[in-house]
Structure formats: C-alpha cells, structure tokens
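All chains are identified by letter, namely A, B, C and D, in their written order; residue positions are counted from 1 within each chain.
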Amino acid sequence: VPPKVIMACVKDFEDYAYKYLPKSALDYYISGSNDEQTVNDNIKAFKRYKIRPRILRDVSNIDTSTTILGYKISFPVCIAPTAMHGLAHDEREIGTCKGAFRAGTAYTLSTIANSSIEEIAESNPNALKFYQLYIFKKDKSVTEELVRRAEEAGYKALFLTVDSPFFGKRIADEKNNFKTPAHLKMANFESLKGYSRDGVSKNSGSGSGLGEYSRRLFSSSVTWQDVIWLKNFTKLPLVLKGILTAEEARKAVEIGVSAIVVSNHGGRQLDGVPASIDALREVVKAVQGSNVEVYLDGGVRLGTDVFKAIALGAKAVFIGRPALFGLAYDGAAGVEKLLNILKEEFNTSMALAGCRNVRELQTEESLVVHESYYSRL
Amino acid sequence: VPPKVIMACVKDFEDYAYKYLPKSALDYYISGSNDEQTVNDNIKAFKRYKIRPRILRDVSNIDTSTTILGYKISFPVCIAPTAMHGLAHDEREIGTCKGAFRAGTAYTLSTIANSSIEEIAESNPNALKFYQLYIFKKDKSVTEELVRRAEEAGYKALFLTVDSPFFGKRIADEKNNFKTPAHLKMANFESLKGYSRDGVSKNSGSGSGLGEYSRRLFSSSVTWQDVIWLKNFTKLPLVLKGILTAEEARKAVEIGVSAIVVSNHGGRQLDGVPASIDALREVVKAVQGSNVEVYLDGGVRLGTDVFKAIALGAKAVFIGRPALFGLAYDGAAGVEKLLNILKEEFNTSMALAGCRNVRELQTEESLVVHESYYSRL
Amino acid sequence: VPPKVIMACVKDFEDYAYKYLPKSALDYYISGSNDEQTVNDNIKAFKRYKIRPRILRDVSNIDTSTTILGYKISFPVCIAPTAMHGLAHDEREIGTCKGAFRAGTAYTLSTIANSSIEEIAESNPNALKFYQLYIFKKDKSVTEELVRRAEEAGYKALFLTVDSPFFGKRIADEKNNFKTPAHLKMANFESLKGYSRDGVSKNSGSGSGLGEYSRRLFSSSVTWQDVIWLKNFTKLPLVLKGILTAEEARKAVEIGVSAIVVSNHGGRQLDGVPASIDALREVVKAVQGSNVEVYLDGGVRLGTDVFKAIALGAKAVFIGRPALFGLAYDGAAGVEKLLNILKEEFNTSMALAGCRNVRELQTEESLVVHESYYSRL
Amino acid sequence: VPPKVIMACVKDFEDYAYKYLPKSALDYYISGSNDEQTVNDNIKAFKRYKIRPRILRDVSNIDTSTTILGYKISFPVCIAPTAMHGLAHDEREIGTCKGAFRAGTAYTLSTIANSSIEEIAESNPNALKFYQLYIFKKDKSVTEELVRRAEEAGYKALFLTVDSPFFGKRIADEKNNFKTPAHLKMANFESLKGYSRDGVSKNSGSGSGLGEYSRRLFSSSVTWQDVIWLKNFTKLPLVLKGILTAEEARKAVEIGVSAIVVSNHGGRQLDGVPASIDALREVVKAVQGSNVEVYLDGGVRLGTDVFKAIALGAKAVFIGRPALFGLAYDGAAGVEKLLNILKEEFNTSMALAGCRNVRELQTEESLVVHESYYSRL
C-alpha cells in the first residue's frame, strides 16, 4: 500500500495518481483526444482570468452553499460523470458518490460505470445523485430503461451528454490497446447482451476498446427532436452536457431544458474547441433572461477556478479527473478530502475577494476579467 | 528492416521517419529555410484557431467527400508536390501516387522527381494526378515539353509554383552538402543534358546541390504575362501555388486561373512569411464572388487542421511532409494508411462538430474562429 | 559562514538566500499562495511595460529623492512590512530598519515581528518608520494598544493591511508544517497570552502554524466603518495596503485616507489577482484629483521596475522579499547594500531616460507604455 | 588555431565566438544591461513581423544596393560602432573596416577603439567610413579635436550617440571586473592623459572598468543645444544614434540633423526600452515629409530582418555584435564573409518577395505587417 502523504491541494492527488495508478488506467483517465490542445488549454485558460477583489467587508461568515436545480449543495462544485471508477479504487462509483455526499455535494453517475444505478442508490440513499445518459442505438428501449431505472432509484436529474455521438480518439488508449480488466463489469448493462463488458473487452484486437464500443453501440443520430422526446418522456429535469456556443445554448433554452453544462468533455471529444472557461461567457450571455442554469466543467483544479467560473456566470462547476484522483488516493475518504480542500480554497477565495455568499459572486460588477482587460487600459 | 509500430496519428509517422531515415534525407525533408520561423509557425498557427461545434444533429452518415477542380475526392486532403521521393522509399513517386489513389484522393507530381511523368501514369492510370511545374531558363521549350507530356499522360491540372524563382536557403542542406544519391535520377529530364541528375550531384563542392541547381536552371523572370501564356498554351486547368496575400489573389482571379494554393512552400522559401492558415482568410475574402477555388498547404497534421482550413474557406488542403513520412514508413501502403488516418480524424471532427458534409463546413457561421475571439468577448 | 560574493543586482541577493537560508525559512519567504499565479506574474508583468526614453537633457545631476507622506526619502523605494525577520538574520527587524535608514528611506514594521515596536524605535530613533497593522479579534483593545505604542514610539504612519482577513494558503508552509523556531518571539505580544509565539508554535500538528494563527486571532470582520473608526482614533496618517481596483480606491478616497498601497501581498493572499503593476493604472486614474498618494508593492526587483511604477503614477514603491534577502546576506549592511544598488539602478534609469527628478517621471507624457502599444501602431 | 567550420548564417559566427572567445571578451560583447530584457527582445521582436510577398515579377536582376547619406553601398547593412575590436582579433578595427569595404558597405568607428582614427583611414583609404562620437567632459576641446581629426582623415559623417550619458550596467562585466587587457590601447587618446587605456584598466578594483570610465569622463550634460553647436562646428553630416520615440525624432528633424538611428544600443543602455524594430515605426512616421534618413540597429541577424526594417521605413540598418563575431572568426575576411552571407540572404528575400530593388521595398503597400494583423482579420 503506497503511503498517504500530506495532501494540500488537488495537484497533490494528481501527483499521487501519476505515481501509483497502473499506466493504462492513468492514461485512460488523463488523456485528451488527438493533439490534446483542448485538455491542456482547459487548465491554462483559467489563468488568463483575473480576480478583482473587494475589500473591507465582514467576511467572518462565509456561506459557500448554493443550489443546483433547486437542491442545496455545500459549495458549487459537483462530481462530473466519468466512466469506470473501478480502475481507480475497489470502492468504485459507490465510493465516489459517498465522498461527494459526505462533502455535501452532488454526484453524477456515468452510464459507463462499474457500479450500477441501483447499487449506488442503495449504498447512498440520501446522496444527491444525477444520472448521465448516453443514447444507445436501435430502438429507444435501452434509453427508456436506463431513464426509468434512474428515476426509480431516486436520481434527481438527467444529464444528456450531447458532445459524444461516439468517443474521440485518445492516442494513448489506442496504443495501450485499452480494454476493461476482467474483474470490472459494465454494471448498468448486465442483462443486456452486447452492451456489457464483453462489448468493451472483446475488441478487434487493436485500438481502444472503449472507442470501438462507442462507435458500435452509441446512437450518432440523436437530434434536438430526440431531446424533446426525452424531456417529455422523463419526470426528471433535463440537463444538456457539452454545449460550447451561444447558438446551441439558445436552442437549448428554446426547447426548455433545465440546465446546460458548458463542457468539452475534458478535452476528450473534439480537440481544438475552446477551453470551457473561454466558452462560458458567450453561453451565459445567450441564456440571460431565461431560468436555465449554466454549469461548467473542464480544468477546475483550484478554489479560484471555481470562483472565476461562478463570477463569470456559472451556477456550479463539475470536476471530472480530480474526483478520480481523490478516489484513487483513498476511496470515498479521498474524494471527500479532495472536495473539502476545494471547498476550503473556494471559501478562502470568497473571503479574500470580499464575497460572503455565492449570490455576491454572481452580482458584483467585473469581479473577474479576462487578462486582456489590463492591456486595454 | 525497422519494426512497423502502431500508427495512430501523423505524428507517429513523423517519429518513425526521424528514427529511420538517413540524416541527410531527413534533413532535406524537414528543413525550413533560414531561421525556420515559418515552418514552425505553420504548425503552431493551427492551434490558434478554435472550433465552435454544433450539436444534436444526425451524424450517423458523414460524407467527407468533396471535389477538386470538379473531380471527386474521398476527403479534402490531397498530396502536395514534393521532390525526390526516392530518398524515402524505393517505390518513389509511384508509391506515393498509388497510396493517394487507394485512399481516394489526388496526387501532385513535382517536376523534381525520381519517377517520370510517364512511369507514374502507367503505374497509376486511374489515379487523379496533377502536375506541378517549375519554369526553366532560356527558351520555353523545356516548359512546353513538360506540359505536353503531362497532358498526354492524363494529368488533370497544372500547378505552377509561383514562390520559387529559385530555392530558399535551407541551412541543414548547406551543411550536409546535400546532393542526390547516385542511384536516383531526375526522372523527367533523362534526355535533357544539364537538367538531369548530374546537375544536382555535381555541385561546386559546397552548399546544397539542389539550391545551386535551382539557381542555375530555374527561370527567375517568370511574370504574370508568362502565366497568361501558359494558360493559353495548355488545355489543363491552371493552378497557382504559393500565394499569401489578397493583392496577388485578386490578380490571379483577374487573369482567370482555376485555383490558388495558399502556401509558403512548407516554410522552405521565404522565411518570415505568415503561416498558411493565417494567410488563408485574406485570400478567401479576396476571391469571393469568383469561381476560383482556394486550397491550402503547410502544417496540416491533424484532422482538425483540415477541418479548420475548410471552415475558413479552403476547398481542399494538401500535405507535403506527412506524405513523405507515410512513404518512408511503408511505401504506397504507408501513404494510404496515413491518409486514411487523416480521413478518419477529419470524419470524426466533422461528426463531433455536427457537420455532415463538406458543404456544411463551408456554410456554417463562425464555425472556426481565431483565439482572439475569446479575448474580445 | 558562507562567503560574501560580488553583489551586482537584487537577483544576486536572491540567489544567495536560495543557497544559504534553511529550507523552511526560504519557503516561508518566497512562497505565494496556492498555484502561485500572482507571485510569478508580479515579476513578469513589469517586463510587459516599455520605457520610451527622452534624450539630450543635462542629466549630470539626478535627484532621485522624493517624499512619502511629506517625509523626504532618498529615492522612492521603501521597505514593505514583512513578518519574522529573525528567520533571516540575528539582527532581525532592527537590522532591516537600520539598513533602510542608512540608505535614506523608510521602513515599515509588520505586526508579526521578532523585534518589538519599541526595540526597533530605540535602536533606530532617527529612522523614518511606519507601522503595519493587522486587526485582532474580540474587543478593540489589542488594536488600540498597538496603535498607541506605535504612535508613542515615533512611527509616522499606520499601514492597515486590508487584503488579509486571514492568511492565504501557501502550500510549502503547509507541507513544511511551518512554525516559528523556539528562539524567536512574537515580539509585539509578549504580554498578551494567546497572541504570543506559543500561538504560532503550538499548532494543531499539521499545516502552517502562521496560517492557523491568523485564522484564530485576526479579525475577519473589519469593514470600512472600522477604518473610519481607526482614522479617528489615531493621530497618524492612515494608509490602506492591499487595494487592486478602481472601485475600492474610490471608497478609500471618500473616507479620506492618506494613501493607498496597490498590492497583492506579494501574491501570498488571493491567488489569481492581477500583478500589481497591471492593477496600478486603474487605481491611479481612480484617485486622480484627490491628494491621496498611491504606492505599489509586488515584484519590484530592478531600478527600471521602480521607474515604470513611478512613471505610471505611483508616488513610491515598497519591496518585501528583496529586503529579506538583503538582511539574510548581511544584516543591516546587506539591506543597505541592496537598497543602494536599487537606488543606483533607478538613478541610472532616470538619467538614461532623460528624467532629472522624480517629478519629471510623473509628468512626462507616455514615458512608459504597455507592450500592446507597439502592436497597435 | 580553432578550425574554420562551414559558415551558412550569422548564427554560425555567433556559435564560433561563443566557443572560442575568452569569457570576459565574449561577455563584454554579448551582454545587455541589467535584466537583459531589451537585448533579448531585439531578436525576438523581428519574428513578430511578417512579410507579405509579391509574386510573378521578373527577379532575375536584383539590385540590393542603396545609398546612405548619398553614398552608394552594396546593400543596406552597415557596421555599427562598437568598442574594442582588439578583444576579438589582432586586426582590430582596421580589419573590421577592411571587411566592410570589401563587402561594399560602410563602417562606423567607435570613439572607444583599439585602432586610431588615422590608422584605420590609412589602411582603408577608399572605404566609406563614419565616425561615432561620445562627448567628453570639461571644455569642448576633446570633442573638437576628435571631430577635426575625423574630418581630416576622410570620415564622411558624424554619429553622435545620444543614449549614453554614461554606460548602462552590464552585470557580467561587473562580475568579471572587466578591464582592457594590457596590450590594447584606447587608440584615439594616446596623447590625452586620463582618457587613455589607463583610465579603463585602473579601476577602483571592482565592477566594470569601462562603466567607471564612462562615468568619470563622458559628459552627461549634453543637450539639444550642444547638438546644434556640433552641427554648426562640423562640416560633416550629423547623425543622431539612439532615438526610440516620435517625440525625440521630431526634435531631431527640427534642428536639421541628416539622419537618425533608431537604436537601443544593442540593449546595453536603458534596459526595458522597446525592441528597435518595434520603435522604428513611430519614428518613421514622425519624420515623414522631411528628408532625414532613418536607420535602425539592434538584433539584425538575418536577411529577412534587414528586409523587414527596410520595408517598415528604415533607409539602412547597422549590425553591432555580428560584425564582432565575423572579426573573431577570421579578421577582415570574416567580416566580409559574414556581410556577404547577409547580403545574399537579403538578396534572396527580395527576390522571393518580388522586390527588385530597395526602392520597391520602401514603396510597396503593407509588405511587412505586425503579427497582430492576422488576429484582427
């Protein structure tokens, strides 16, 4: 068992994962697609935004809490849906969900998981859980079944991922000939022949098993019509994950979704798209006046990243890889620890910027500006 | 024989070539001129453009095909004319042409080749072939002969390279005292004394043999008048290769050429000119309203590079060095493999950006923007 | 005793400190908070400003002197308040103050010091001394006592630090489990149980002792009302240290403070705020018309940094870390030496820019411009 | 004797000098002042400008020649005045002048030289020679004597250096305790006690001998009045070297100088001023309409650097360090070789940009643009 060293920031968890995860798991987690322009820019882009702090306010009581889709969370950082937590820790998705719950925030389960919808719900009955949906090929029965199961298991929203008609090419996975280890299952598909683990482990012998799986099974013909159908089909609020432009955001508002996640899928789908924090502003402007909530994921690693996203108009942010690193470090406890570090950092950044609650972040004028602000003066 | 490792992207072919090509051949292929500002910027510049993807469209059927000069190609990537394929592989230009044909796209033969116009045509009768022309000194007979031979051999267009009154200085070639190996011939000039291989191998003993050759034999007095003459002389559509400004593009439209290649010759001629993707936009704007097609070459290495160039107004792009790396890897099969990887990457980028055919790339508003778009918001 | 090598610039003192200070002391001095974006940008930002020199003026007599709050100083560089000089040299704050005095400039004592208000005053009766205040929790008695003691000891101004309701997170300190060594005391609090050294050395066993101390003892509820109270309570001119925006600067002017320090606490508080030289200009513009003086600290390492700050509207600048490096090098003599090097560099930059006195720096048109000036031409 | 390797570009001479010059000589030559921001930016700035080439012009006859102050030179690159050529090669300034003459261009002699005004003139009677003046302290007799000697020896212009009331601080020289070796003299001052070599070799024991020399002997009170006096005193055209702003350029035009050198003294005087190519444009604009010629020096290393400067309005450029590297490589022959390489590069860049003579460079619209041109499209 590797030693548990002092953890002071998200980077420490990342370093830990780099050191102790098996190469093919680590590569699967960290890779972006193709040239990795976007995955790298996601991180760097945050540094291009500057905080203009307010001072001399009573910040002895900072309230980091906010709501997401009406549900209270302890701070505006939730867990993004990521596949295959079994590669990080035996506690799998169950552990991640538990960590999020203990830290007072929401967890989003990916369709591609090593724990099932029901397992997670049973182990974490009181956790705030969302369900992320990929739409599968052929008739709609698979989708319908997944949605109903999520509803019944008490998940509170459906996140439809709209940037993935199939998976982007991640070079390392191709070279590692990535497939799921024998002991891990596609937990949501145990009964569904062809959709199960076999679908991932039995690949054509070269390239990424998951890439192949997505191309064989995901529907790549999903349209706005299907979204309308889904919205009517489910009782749950519908969230579109993976919007990067004002044009598409406006359409989402039109058809009445509950929320949008500005996301480039952690730089794993279309490489060369803008960093999410860069894309955020045009989306926020586009939905103004509606009551559609805007979230962001991609590159959030610091309390100040959270601060910047919220100040630029996001209602909450999601973390993908950091949660996996937390899980790898120490299961549920690791996820909780990481979230609490982020919460404390966010709290500190609020206090030091003179913002006592999340509302103030959202209403202060020019609290966060693009660095070009300073070259235009 | 070096091992054929997993090839997942163009970079893998480049790495292979760096490892296995003899130094002087590799240097000849990769060098830019002088300080290599432009050859490096060609690559970096693509990363300054960002894709703004469309979502929720039925992308189950992506059609990557398009036309070039009216001829159908499987995707908008053709082979740029590059000299001396014999340095890469015994199959020489014949192999490159075959690889392009198998991948469903066009091949452009350089005047400076180790296979002749006729050899290539005979081995690849059904391939879509273009012929690239350098104009030689003295009377026009050499030029006339080359043009007629290309016409008769079934080449479908003449690419006149307009950025090379003689070759730029490539430092590595100077230091390597570069000359063509004894077993390679200047295949198009076997009968023409002085223009043949001897012209390249017998240099003054220092510097680049090819540089010297070009200064001794190329005409550096070609003008727009000569282009008009050539246009009238040949039955083939005339394409000007090497335009980087709106001013010159407008002149090309005026005299009625069929197409323009925005190109800086892979950074091998005038160093310090803009990256081709940077220059593309002013050229596209300048020809608007005419039916002159605009192509681009220089720095294309990724499916998203192709995507960006097409979205910014190019009808097709050409690859120079990548084709040489493909050839070095495995002859015709290597070229085909590389092209198919690029095609698949382009296909993926279209799907993930919600574009079902090339026409949509060309008509979507602000599909690709310069990164400064995000600092101006 | 480490050798005293040739010292030609501030960087040389920094190199010396890096080599000879114990790791935990060095880390404490050099760290910025969190990701260290701001501490690094403080340095880099100065290089983004360019001096447009005047020529052919009689610069045989350069007068670098200026005033701060009406007091004459030999050049516009003073010592910023920094904690714990005992970690650098046995002469502690007494040495730093002496060095500043000998170089003809002002010294600012931090509340968190290893020499007391009175000790320093007794050893340096004629030095120009300012006192920096942190406001402590509970009733105002601690604050009142500190202010009265500073007044009585002959300090000439109160610097209220407004960016620190508690300390930022400095990762290295967390990992070093930083605490004050046994032989060093919190000299201003010897009588005050809980505020003394014990408060810092007895931490919860993990993390930074000073971080914890600040959270336990500093008041984080200080507001503009308290500033007004303080202004009325003290006979001394009141300076607000840690303003980065026009909005807050205008408020400071309104309530009638004497001066403002544009500062991000050397990148140790809120990470991700602008470099101080970037923030300077909007603050200068905001106070225009008032008689509030504007100072700057953060990243000043060169005579030209001083020049740029003054030309952009600062009345004086302060140095934090450099003074600590000077002290580490050779006590008071080291501080004096370092200040004299900076003075000579500033003198030189004035002469070479054709400015004979500080007034000219402040009045010449466009003497210093942002680098973007040259891309807009 | 070190081997004479293949020399293909200026960088090769630089590499040679780095390898074979004694450290203190090399340091003296290459250093910039202080933080070396400007000396580095001089080089990098050229890469920020892009050439927009013209094509299809008859470039079989390129005329690189131009005039400077009415004198014909073979191409617009002259030798800038630099001190102490004896550190590079036994041929000293005599060799440098000879190299320039053989390459068909002008040589500028520094006041601080190891060969005298007369020696150089006698060895190079037909060379086009300019004389660079520093004005010395006390009465004007030293200056008057130097000017008369230059006139009599056939120098064709006076370059008054206006950026050096004394020398900037070059850290390496300080640390090397730089002084002139015993065998080298201050050749122009053999009769003048105190101004001679002794003045440089006998320094206070620390720091740069030359820095001290300049502070002790140069006049730092030279003003525009003195320039007017000098203009009237000499029969020679007067050139001001070291102007970086439109304001000062306009004054130079007013008092009727013949030419201006946009120069930051190779980054050796005031650090933090703009790169010379950045400053060029505002100076060119400021003198428009007058017949004052504008030159540039600083960072010219490539034929395309020359091209860019001329296209942006310079009548000629000067090289400082490259000439020293050429001299170090092989005396006069090395200087000639280096100049011929630059000439050939310039010739090539003209041909490849479609410019047949220098006049065309100066009149073509937008031939060279700042890189920001491409982000504004």
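Methods note: a contact is a pair of C-beta atoms (placed from the backbone, for glycine too) under 8 Å apart; a residue touches a chain by one contact, two chains touch by 3 or more.
Predicted model only: the values in this text are computed from it and were never measured.
Chemist: On the document's contact criterion, could you list the chains that touch chain A and likewise touch chain B?
Modeler: none
Chemist: Using only Cα atoms to place each chain's centre, name the chain farthest from chain D.
Modeler: Between chain D and the rest, the longest centre separation is with A.
Chemist: Per the centroid of Cα atoms for each chain, what is the distance between chain A and chain D, given in Å?
Modeler: Whole-Å distance between the two chain centres: 59.
Chemist: Which integer distance in Å separates the CA centroid of chain C from that of chain D?
Modeler: 42
Chemist: Quick check on chain B: which residues sit in contact with 2+ other chains?
Modeler: none
Chemist: For each chain, which other chains does it touch, given as pairs?
Modeler: A-B, A-C, B-D, C-D
Chemist: Quick check on the complex: what are the chain B residues that touch chain D?
Modeler: Residues 34-35, 37, 48, 162-166, 168-169, 171, 174-175, 206-207, 219-224, 226-227, 242-245, 247-248, 251, 269-274, 278-279, 281-282, 370-372 of chain B touch chain D in their complex.
Chemist: So in the complex, the part of chain D that touches chain B is made up of which residues?
Modeler: 6, 8-9, 47, 49-60, 301-304, 307-308, 344-345, 348-349, 351-353, 365, 374-377
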